[in-house]
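Going by the order they are written in, the chains are A, B, C and D; count residues from 1 in each one.
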Amino acid sequence: MSEIPLLPKSIGHPLSQLEDPQLTGKSLEFAAMPDPAGDPTHLATLLVRCPDRKGIVASLAQTLSGHGANILAADQHRDSLEGQFFQRIHFDGSELQTDWSSLERGISEVAGRFGMGWQLVHGNESKRVAIFVSKYDHCLWDLLLRHHAGELDAEVPLVVSNHPDAEETVKSFGARFEQFSVNGENKRDQEQREIELLRELDVDLIVLARYMQILSAEFLDEVGVPVINIHHSFLPAFIGGRPYHQAYERGVKLIGATAHYVTSQLDEGPIIEQDVVRCSHRDAVGDLVRKGRDLEKIVLARAVRCHLEDRVLTYGNKTVVFD
Amino acid sequence: MSEIPLLPKSIGHPLSQLEDPQLTGKSLEFAAMPDPAGDPTHLATLLVRCPDRKGIVASLAQTLSGHGANILAADQHRDSLEGQFFQRIHFDGSELQTDWSSLERGISEVAGRFGMGWQLVHGNESKRVAIFVSKYDHCLWDLLLRHHAGELDAEVPLVVSNHPDAEETVKSFGARFEQFSVNGENKRDQEQREIELLRELDVDLIVLARYMQILSAEFLDEVGVPVINIHHSFLPAFIGGRPYHQAYERGVKLIGATAHYVTSQLDEGPIIEQDVVRCSHRDAVGDLVRKGRDLEKIVLARAVRCHLEDRVLTYGNKTVVFD
Amino acid sequence: MSEIPLLPKSIGHPLSQLEDPQLTGKSLEFAAMPDPAGDPTHLATLLVRCPDRKGIVASLAQTLSGHGANILAADQHRDSLEGQFFQRIHFDGSELQTDWSSLERGISEVAGRFGMGWQLVHGNESKRVAIFVSKYDHCLWDLLLRHHAGELDAEVPLVVSNHPDAEETVKSFGARFEQFSVNGENKRDQEQREIELLRELDVDLIVLARYMQILSAEFLDEVGVPVINIHHSFLPAFIGGRPYHQAYERGVKLIGATAHYVTSQLDEGPIIEQDVVRCSHRDAVGDLVRKGRDLEKIVLARAVRCHLEDRVLTYGNKTVVFD
Amino acid sequence: MSEIPLLPKSIGHPLSQLEDPQLTGKSLEFAAMPDPAGDPTHLATLLVRCPDRKGIVASLAQTLSGHGANILAADQHRDSLEGQFFQRIHFDGSELQTDWSSLERGISEVAGRFGMGWQLVHGNESKRVAIFVSKYDHCLWDLLLRHHAGELDAEVPLVVSNHPDAEETVKSFGARFEQFSVNGENKRDQEQREIELLRELDVDLIVLARYMQILSAEFLDEVGVPVINIHHSFLPAFIGGRPYHQAYERGVKLIGATAHYVTSQLDEGPIIEQDVVRCSHRDAVGDLVRKGRDLEKIVLARAVRCHLEDRVLTYGNKTVVFD
């Protein structure tokens, strides 16, 4: 049953009823209506997770709309095996009929009814990112250059390293550089000092950009912010150290990289993004390392970007990445 | 502002408030709630397009919910250049408080307010597909085998060819085979007979599976159903005949395939899906043809599948493909 | 130091000395010299492996040339870690000044000097392939259709299954179908009968096209021909059973398929070819299975094709695949 | 006919005759023989092109060997349509029994017999690269960082721009920066000055890293070195300006990038490397630009790397890229 065809009935009269005359011949330079994305201060993103039940989508849409919010994008996922529901709603609150507190109370009521966990992120709150790095600096450079190019909606107040090498680079991008040399004896002390600094600088996200130290379970327990790592293999293949050597010895025909949230289980955290590149018998370990660098940069940057845009939800050991 | 963290605050207490105790250790075999996808007769998909305005998402959600429909998945797209809004809502109507006619009237009212074109497709209506083929039969085989394997939710009542070759194959899959030899003189007549047969068999979609005849503008105008074609190049490169020869002569390092809706502009219709595969100086035209076959099969099958699941909307010369 | 530029010195006079006047404007339909690939009876492929030493390439080229063979393609690989040298030489023997036996004696002499293992495969010897299959028949269909389309230079005298399902399909392609039901008690007996049949039919290669039985170490020891398997994961991730379930539970963002030679170490044999396809949280296990089917078909077909063209050498647990 | 099996006869005795006992259990850290790649001063690469005839491969191998050169890698290509033969031979001359001049005379004699164009490149001659850039600096940064990381065997004595923006960046990498502002009136003068500077600095290769000026036919005619450009589309689609806008308007599902040698035909020169990345209706032009940046960097870097390693031959409007 249909009023107007949305799919091409081929040439004759495709969508002709739908074609707004004033659209015809419009150049790409002209935006038909102001894009609310232009002013981030009124934008917000609501993330939701709860047991799957009837009526969740409508209840949230109705509540937001009832307060005058305009839903710009919404995506949801139902995991029917786990019986869980997930949603991301991106909306414009510039014409709220009430205020943000009332809206939050409204959401809170709905959340109570459905047993929801939820999170409301305001568009004007750029996340504050600390990058941890060791000797390999390609991912660090890549993130700093992307940030510089405006690709990442974030602030980068801090770079931490266990080596002094990157100091000059980091400072040339206007970020603070702190070296924390870590050895068997001072690890807890150094991590404690790192946590204090991270809190002082109000950091929201830690990115391990080929940081070759293992963060202790205590650090992860106390730090209170998500940690994203880039592992230089297609996890779960080649867990642990020297994955390119492992890949070489196994004779694989593709090498990969994996960005994941860090948990106390090494290389076992929820995967955000992965990709691979072709290799062959011609590639020595050094070639795999070189090819892998491009992969690591791209995979890590994609994962960080998704996180910064509040597109990633985790459950169990998995992620929902709304695109 | 947040009630319960949805992102891992790392190891300590990640999502612990969210972890429903009875979920812990649940095996993957157990579905927490019955998946309504199991019974297609109550499922439906609503496709919508209209000028972008505030409140559309909420109004539709409210209307569906008000009638007792349960929204299973919804995806939308705003083209801010064109000022157009698109939505696909997949819902379960098994607990409608009213009936389907009332629901449609409700949708129709909303549609009137927003100037919507809309389409409601019921889950129990498998689309009826006619496949057109010439001498190259790999895409035909591929579609028939996928259909046979249950990959495509459709019926295939008819295969049309301008050659007799595929008759036995087609019949072994239980479909009707009709040969329409086309030449300069009989083209309009043959096409007219094809249209009659397509109508008689109540066909909803025509798939050109390497059909080497150009359908006339009149055919496309009259046939009244969408036509999907597979073109053996990465459009808009290598429009027209012998694209693998063109690719060879240009010395490209990738060859492609493109599935698109057919319009009277040859190879210019809205693109649904594309993909490429790597080639090199070692590949003669014959190698490109061989490599391209795999690509053609996969790209065409993906496009047909998206269409059958009502995931494709067209506007102007472009598609929105909801995934 | 150079006589004539081979790289474009840009527009002015690029390669002009090299441009044979009669080439200009030559259409692609015209072959300047007869392609010896046309008559396979005079073509042969020499595969060689030995400890890496100076002079191997020249010695073999000289020997072949000295007997009047014309080298059409040669590719080699040096594994400097292992100190091993590998070469594949494809040549035309239609103008041999001696005969094939003399040529082989010549090769044998060189081989003795360098400690070479070598293998000479004549172009007129199509390999004879037996396909083993269980219930999933997509790879079987795919191989039979490719063979039918002339993509695979081989004969397929036999298909073996532990189920009766594929019998009709196989026979329609003109191959013999034999069912060997295998259980705990009769396994050795059935395998013995299989080996007898394989020998009787002079089979050169066994392809496990989603064959769900594990071949015993005794079978592999006695059968005397290579066995290629398709594993439905990106090995070494997800070894063993139900890899799509494993992939789903781990939450990977890509799924893969791997074609490898079978050894007595399950899923550990030398990898010939691998590829991946993107997946997301939206993909249930059933979707992974569906997406994986395309991957399995393509990866297995590529590996089989490389093997049939004598492009694969193994050493240790790795392959050299000359392309 | 075979002496020793090179392919796995499965488990029993695979390659056992070939397994050198002292190889067994050898760790990957140990190189069985010194890798001559370690000392580049004795390495050289011979590039050859000529009409295809019998005996070329053997004659060259014999000649090199006769002078005491050790062939490390050789690859060749026969274009049977054009009747052309191409070869790249990489060899070690550290144990030449004669000297390099004698070797060159030897090659020259063979070349005369076969009508060869040839080029001998010594391993100790790093190519000198000038990078041309405009406002978009991502490819510039990428090349400088790769060079800095030791990925590119080249020197970068010069960066030319028509804008002042990149000056500081370039100097921080130790390269000379020269601004040549170009307008309608001064173009020939400025290009003339550029050519003088390029000659003075002994430049071997120009890389247009998103240089937004069109080089004149006169410049290309006079400059005497190859010019590699990165075009931000999958050529031949979207020739000319604003390819991302063109891609957006056409509604493609993949965007591409193409690295090619520059000729006087804009965007028509021989293609060295191409790649694509997936996009969707969600991607506005700005998203295509962002996604394309990664592609442009990787495709350009791969092409430059192939060129620097003397792996690219051109003929007509095509390339042979030996990998």
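As a working rule, a contact is a pair of C-beta atoms (placed from the backbone, for glycine too) under 8 Å apart; a residue touches a chain by one contact, two chains touch by 3 or more.
Since this is a predicted model, take the numbers as computed values, not measurements.
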**Request:** Determine which of the two chain pairs, A-D or B-D, is joined by the larger number of C-beta pairs in contact.
**Result:** B-D
**Request:** Check C-D, A-C or B-C against A-B and flag the pair whose interface repeats it, over half of the contact pairs matching by residue number.
**Result:** C-D
**Between chain C and chain D, centroid-to-centroid distance (C-alpha), Å** = 29
**Fill in**
chain B and chain D have mean C-alpha positions lying a whole-number Å distance apart equal to 41
**Complete:** Taking each chain's mean CA coordinate, chain A and chain D are separated, in whole Å, by 36
**Request:** Name the residues of chain C that each touch 2 or more other chains.
**Result:** 28, 80-81, 270, 282, 323
**Request:** Would you pull the chain B residues touching chain C in the complex into a rising list?
**Result:** 28, 138, 141, 145, 149, 151, 172, 245, 248-249, 282, 285, 290, 293-294, 298, 323
**Prompt:** Touching chain A in the complex: which residues of chain B?
**Reply:** 1-12, 14-15, 17-18, 20, 23, 26, 28, 30-33, 35, 37, 47-49, 51-52, 54-55, 57-59, 61-62, 64-66, 70-76, 78, 80-84, 95, 104, 108, 111, 116-120, 217, 220-227, 261-264, 269-270, 307, 312-316
**Asked** Can you list the residues on chain D that touch chain B in the complex?
**Response** 77, 79-81, 234-238, 250-254, 256, 270-276, 280-282, 284, 317-321, 323
